[in-house]
Amino acid sequence: MNAITLLDYAGVTVFAATGALAASRKQLDIIGYLFLASVTGIGGGTFRDLILGVPVFWVGNRVYVLICALVAVLVFFTAYRIESRYKLLLWLDAVGLAAFSVMGAAKGLAITGSPVVAIVTGVLTATFGGILRDLLAGEPSVLLKPEIYVSAALAGAAVFTLGALVGLPPYAADLAGFVA
Amino acid sequence: MNAITLLDYAGVTVFAATGALAASRKQLDIIGYLFLASVTGIGGGTFRDLILGVPVFWVGNRVYVLICALVAVLVFFTAYRIESRYKLLLWLDAVGLAAFSVMGAAKGLAITGSPVVAIVTGVLTATFGGILRDLLAGEPSVLLKPEIYVSAALAGAAVFTLGALVGLPPYAADLAGFVA
Amino acid sequence: MNAITLLDYAGVTVFAATGALAASRKQLDIIGYLFLASVTGIGGGTFRDLILGVPVFWVGNRVYVLICALVAVLVFFTAYRIESRYKLLLWLDAVGLAAFSVMGAAKGLAITGSPVVAIVTGVLTATFGGILRDLLAGEPSVLLKPEIYVSAALAGAAVFTLGALVGLPPYAADLAGFVA
């Protein structure tokens, strides 16, 4: 479970950072940073848990909200540096997508046993946070450039689900979905 | 139950088609078609089930997601023909609204017994998928032309609920709500 | 519990009024008023209840939906008067925020026992209805002027939660959060 938990924290951190950067582009105050970082970081997983009918992950574990808050504060004080490293951010965004599509697919598969549902929850978990961020910040949705976004999430979720179905041990399936 | 199930599949198919057509208008790739078709086709029912506190309908029955995927692929390869038949689409959209407002009201009434809730869930089920589609595609919300949209859903849900309350057999109430 | 219930009804009423006024600005018909008033009035609490995994508050108590409908009809026939009293509205909006941030924090704290979750649900409850209203009406999100909106909600939720933690009797904590 260690690899999954690490992926999970990494994904929340990275997405929270992209939310905080959106707040920076809109020149919001610290509260706007906190809000957008949280929505982006935990929005996708929240929606996944609601649909699967399980308790929302961050209600039982305050670490997630605190990660979002910490990232928001860090970006608030360092945004001018991070924005000049925009390519690093795009790469990190891809890491977050890969991590969350695997996480979402793994949870969907574990709870329902259905590969179709696993793929849908993988895509949802990976994309919903970013979609909310763009809606709330009034920017064009990332969905409208899907070649680099939803496609990546779909590939990650599908590869993980296939890997799990053909009997790969979880760690190998994680890795395959993540690399895809 | 046969009439309800038919209405249900018909509604999902028609709304998925409108989502795929929105993807066509935005010139998205096949992934964008799949995403918008699914969101529009199953979004309203998902929200209804979350609010009623019952399992989300498509998690236990993969047919719905597969319908959305099939419709997305079909529209992807034939969109140029369908768009030239825009009037057919508007008529189909009305069919979807009528079907979903009855479905949503029926489920709300069955689970809570409250006509007020039945009307709200009928309207939600019928309109939420289209609202999400427009938000995500960056188009003006259908809500802003409510005379042909929310009104139709409200009429369908209200007529069905009234019909059910005065003791019409379910089939007749379905029909009345649908015709309205 | 009386003070909380009063706050709750007051918050729903005030937010429903702001939703109906948004419908007025967009020159929608009566259905648009009903829809936006309901979404704004009960949207934040709906989201809070979904995340906490408890039954959605208005499904079991039809009063909330009826308040929204009543407010929508009242505003529909009197909007020209209310809009000329815009400052009154802003003040009422602040009342709604204060009421809902306390309500949301109280419910989050009662159900999970976690102050972190209480603050998040307080902010969510207070802001989500207005965010939905702006998204659906196609207006710039209130989130983009957070200094007067999310900040107020955060302050209310935080003060209430702190008050409850240090052992203030609930009534005093309500009052403190509300005044903040």
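Letters A, B and C mark the chains as written, and numbering starts fresh at 1 in each.
The criterion applied here is as follows: contacts are C-beta pairs under 8 Å (C-beta built on N, C-alpha and C of every residue); 3 or more make two chains touch, one makes a residue touch a chain.
Just so it is clear, the model here is predicted, and its values are computed rather than measured.
Taken together, the touching pairs cover every possible pairing of the chains.
When the CA atoms of chain A are superposed on chain B, the rotation angle comes to 120 degrees, reported as a multiple of 5. If you average the CA atoms of chain A and of chain C, the two centres end up 28 Å from each other. Taken residue by residue, chain C touches two or more other chains at 50, 135, whereas all remaining positions touch fewer. Across the complex, chain A meets chain B through its residues 50-53, 112, 114, 116-117, 120, 123, 127, 131, 135, 140-141, 143-144, 146-147, 150-151, 154. If you check the complex, the residues on chain C that touch chain B are 26, 28-29, 31-32, 34-36, 38, 46, 50, 55-56, 58-60, 62, 65-66, 135-138.
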